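Right after this note come the structures.
Next come two complexes built around chain A: one with chain B, the other with chain C.
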Partner chain A sequence: MPVDEFSAKTVGALSAREERIRRLLLVMALSSVSILALIILFVFREGLPMIWKTGVSAFLLGTRWAPTKGAFGIFPMIIGTLEVTLGALLIGVPLSLLVAVHLSEFAKPLTRAVMKPMIELLAAIPSVVFGFIGVTVIVPFVREWFGGTGFSVLSASIILGVMILPTIISITFEALRAVPASYREGALALGATPWQTAIRVTLPAARSGIVTAVILGMGRAMGETMAVIMVAGNAVVIPTSPLHPCRTLTSNVALEMAYASGDHQKALFATGVVLFVMIFLLNLLAGLLVKRR
Partner chain B sequence: MIDSATRPDSVQRVSATATVSTTAAEASSAARYNARYNRLGMSIARLTSFFVTAILVSIVGYLAVRGLPRFSPGFFIDSPINLGREGGIFPILVSTALLALVSLVIAVPLGIATAVYLTEYTREGHLTLVIRFGAECLAGIPSIIFGLFGFMLFVVSLGMGWSIMSGGLTLACMVLPTIFRTSEEAIKAVPDGLRRLGYSLGATKSQVITRIILPQAKNGILTGIILALGRVIGETACVIFTTGISMEMPKSLFDSARSMSVHFYLLAREGTSIEMAYTTAFALVLLILLVNSGANLLMQSAGRR
Partner chain C sequence: MKYSGLINRCVRLRILIFAGLALAAASLPGCGKNSKGLTVAGSTSVQPVMELIADSFRKHRPDQIIDVEGGGSSAGIMAALTGTAQLGMSSRRLKEDEPNEKTLTAITIAFDAIAVIVHPDNPVVKLDLEQLRGLFSGQYRSWKDVGGSDRPVHLIVREEGSGTRSAFEEMVMKPSGDGGREEAVDAYALVQDSTGGVREVLRGDPDAIGFISLGAVTAQVKMLVIDGVKADFETVRNKKYRLTRPFLLVSKGEPTGIAREFVDYILGSDGAKIMHDEGLVSAGR
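Up next, the complex of A and B:
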């Protein structure tokens, strides 16, 4: 940035007062890193000993969760989280890509000016409200059309699929807009239709942005709590059909935190540790993919 | 942004489809096919967009239809009666406002200071990399983990108990990256000439920042604050573990309280009163949509300048 040539280094040595201000700002700037460190410290300090005590494989791969009887296996919750996240992506990603392509490539400026803020507002609706809509609308819908109780992986996937739409649409939209116009012009000049141009030239060119968008959406789906709790049924079983109920890592913590104590509470922190590591790896992956481009 | 390897590849593929046919008859049938395919694809994209936009409208509409019958001034200024089955949500509104106030009072200075330090005081290097990485990780952490953290640090270790203070501090940690990012974007957008102008007039660094840069970046920074406010109001998972669920009017910041979204969650989940749940949900969504539309307008006016 050209700012640098006129900042601290060239304007001359900072006066004592200015230097104090600089130090104060530095300390404040370190707050996010310190908070991250504190989160790791406090959550891991409670959770990790419990994972060692139960045994890493017994904790991660154990299928029995009976905290009052000392059985702490979170395998069903890990599978539940993965299934619900995958379901949300299957529903959310195709919809998001179509919407982003429409808004960025085909829509009239007026349509875009109206639709884009509305879709962004969708992101502002609290997750409890999505959960409530899930219980009152989606769960009965699934029960009537697909059978079962309606509290299921499918219901949770639908709700999460809608919740991640704004995230994926916004980032994909930005990525599509960043594709130089010359790409589109080249394709059109070769006789490609606007649709072919969008799907075969513009979308592939925006690939890395789209991957970032999907990963961020995935992180949001994985970490979502309140909406999932209300529609997923929360039974500790390994769901083998989309119509089975399931419990995710997040719901496990939220459901039992209110009354847990002792080892039980530590096991919930350990669940948090597993979730944290999963999300962290996902973010790392996103970071690597972004850097590569 | 663009993968240089992508371009020739995709362009080739398109040209291959476009020049597949050689005779004139084949070419015109291919063109018809392409045109039909083109119309189909574009219509599907358009329909999907309308469908997704309709989701927002129908959520708000649905809550309005179910919630409006009980929507009255009394709902906002009365205390809840009988666990929230009747009466209003006044103490809950006050608690929500206090919670938002505490979290923003802490997060806003920290977020702006981080942005100022990164844009005005350093070159890109190891330190900025670490700070950015920290903020990015923080933004990706699920709220339930903030809940666990806030419970352990503020509620238990620091002995604040379930209180507005614990909840506000936890929420401050959660929205810090939002404020930092939007502030940074806004500060970066301030034209460099203005900085030079300031320095050329003999202003010190802190004077340039407080008198030129921050006023110029005001709208962008405010947008971030409003977005953070919306998140604070809508958050449930981490508030429930740190602020508790007391329905009483809080007497101090160290009292347990109940935020609007927690109140709504309890009404809906425990089936206390489904009518009141609809009304509270509508009030909550209306509040958040108002807050966020404000942010949108500000963002647009910031963009125009």
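Up next, the complex of A and C:
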């Protein structure tokens, strides 16, 4: 009996301590959430009134951006953001998928052990370094081979295409590794070649992971600022050719923030609101796609 | 199935939180900011020389804290108006819609010239204002149109809100004589957010043309003769060079106390010497 009493007491004291720790951790977790809440509050408080003032459709669909002269249309920048993101995906996704298939299905363990960390290291390179390489290598290359100024949708897409590689490769790799070995064994036993197995069986089986990878890469491309400012040319036009310059939503904020005041500054916050909503919808889409698995 | 229900709830919760925060956002009050001592804020074109003069001034008045901040001309004028800074720096004249003489006193401290620069390989050496306007409005798309080789023109401008850009628009894009309508800068012009950025792009592109402060011109770029006048100290001082702009200090009412002392120091011989070293022409006696 005394033994039982003792242990019950200890358990009681322990569980009270556990409870305190649990609460402390909850407070920590809430603090990070509240930071997010504060950011949203601030951006929307500064930006929303400007959108109402300009008019939602005039702001979103207006094509003239001359904030010091009272014109606040961000349509060219929405299109610019979408074009650059699409371009980055066109360049980055096929490359990423093939690299991930190679690493997961064909590479020898030693090759994988060397290549995987190197690809992940690509994510650690600061974006300004990518931008610098863009300005000194990609932009002159595009200017000489394709014409124009070189500061273009194409240059930005190439740089972003490289920047999203580590994100997409890593997640796709994990998704491919998660496909049960029995799938591959079954395909091989039916006479499929390793390539056919990888492309027709393993890759489709990892579909939902790959979709997540692409959407995360897309978010990265959409939110990238520094590298894009350096290579995209930043002209506010609706680009009708990959060689035209363009301005993305993030670039617009970073580019004009320094000297903006009054309505101009509020319009930049409003640009942030639009970007926020776009990224949020993208995350929502990712959530829904994963759900459909 | 179990999971899909959970995720579905998460998604719905996310929408709710997001919408709630967005709504609450509109109703929060703003917060103010106070400052002490002599604060000089505004144009980043004026800022470098102002910092040098402030350094020198501190040696005479070590008891005073002089704070020089950037932010741009518009922000500087606003800061002077609201009292966030005693003195605002502006690299352009006050606009008509800005509360001028009645509340704000503007003191011209220096003249700066805007240099039009091209790649050293470009054969063009001079332009008149008409041609310059034609180039930047997108009317002339080839260097042939202004006496150069048959190459496309690549325009480089500063971003909206930059003092250098608004001064350029004011002096170049408006046809001479009052009532002339200002022409818009070609939308396809590349936009850079710093003087260094404009210079760097131009250095790599033989077809490019841009504009920067005279003091920022280096040997790596070629400065054009505008309307037959080359920008230098002499032509800026006697205003023969067309693209000169004033550097202003603005204050609410006449500057008093330490602000007055600082303004006098800037306009005095020490200030003039520092400005000269920085490629500016002092407006002082």
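Here, the second predicted complex is superposed on the first by the 271 of 293 C-alpha atoms of A that agree within 3 Å, B and C clash if a C-alpha of one lies under 4 Å from a C-alpha of the other, contacts with A are read in each partner's own complex, and residues count from 1 in each chain.
Note that in this section a residue touches a chain if its C-beta (ideal position, glycine included) is under 8 Å from a C-beta of that chain, and two chains touch if they have at least 3 such contacts.
Since the structure is predicted, the reported quantities are computational estimates derived from the model, not experimental observations.
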Which superposed partner A:L48 touches (first chain B, second chain C, both, neither): second
Chain A residues touched - chain C or chain B, whichever exceeds: B
First, second, both or neither for A:G70, with chain B first and chain C second: neither
Which superposed partner A:V162 touches (first chain B, second chain C, both, neither): first
Chain B versus chain C as contact partner of A:L275, first or second or both or neither: first
Which of chain B and chain C A:H264 touches, first, second, both or neither: second
Touched partner set for A:V135, first chain B, second chain C, both or neither: both
Chain B versus chain C as contact partner of A:R247, first or second or both or neither: second
First (chain B), second (chain C), both or neither touched by A:M115: first
Interface residues of chain A shared between complexes with chain B and chain C: 42-43, 135, 229, 254, 258, 280, 287
Footprint of chain A on chain B - complex, ascending: 1-3, 6-7, 9-11, 13-15, 17-19, 34-35, 37-38, 40-42, 44-46, 48-49, 51-53, 55-57, 59, 62-63, 109-110, 113-114, 116-121, 123, 130-131, 133-138, 140-149, 151-153, 157, 173, 176-177, 180, 192, 195-196, 199, 204-206, 230, 233-237, 240-241, 261, 264-265, 268-269, 277, 281, 284-285, 288-289, 291-293, 296
Chain C residues touching chain A - in the complex, by the definition given at the top: 3-4, 7-8, 10-11, 14-15, 17-18, 21-22, 24-26, 28, 44, 70-75, 78, 154, 159-163, 166, 184, 187-193, 200-201, 204-205, 207-208
Contact set on chain A toward chain C in their complex: 37, 40-45, 48-49, 65-68, 135, 139-140, 143, 149-151, 229, 233-237, 244-245, 247, 254-256, 258-262, 264, 280, 284, 287-288, 290-291
Chain A residues touching chain B - in the complex, by the definition given at the top: 2-4, 6-8, 11, 14-15, 17-18, 21-22, 24-26, 28-33, 35-36, 38-39, 42-43, 46, 95, 98-99, 101-103, 106-107, 111, 115, 117-122, 124-129, 131-133, 135, 137, 162, 165, 169, 175, 178-180, 183, 186-187, 190-201, 204-209, 216, 219, 222-226, 229-230, 250, 253-254, 257-258, 268-269, 272, 275-276, 279-280, 282-283, 287, 293
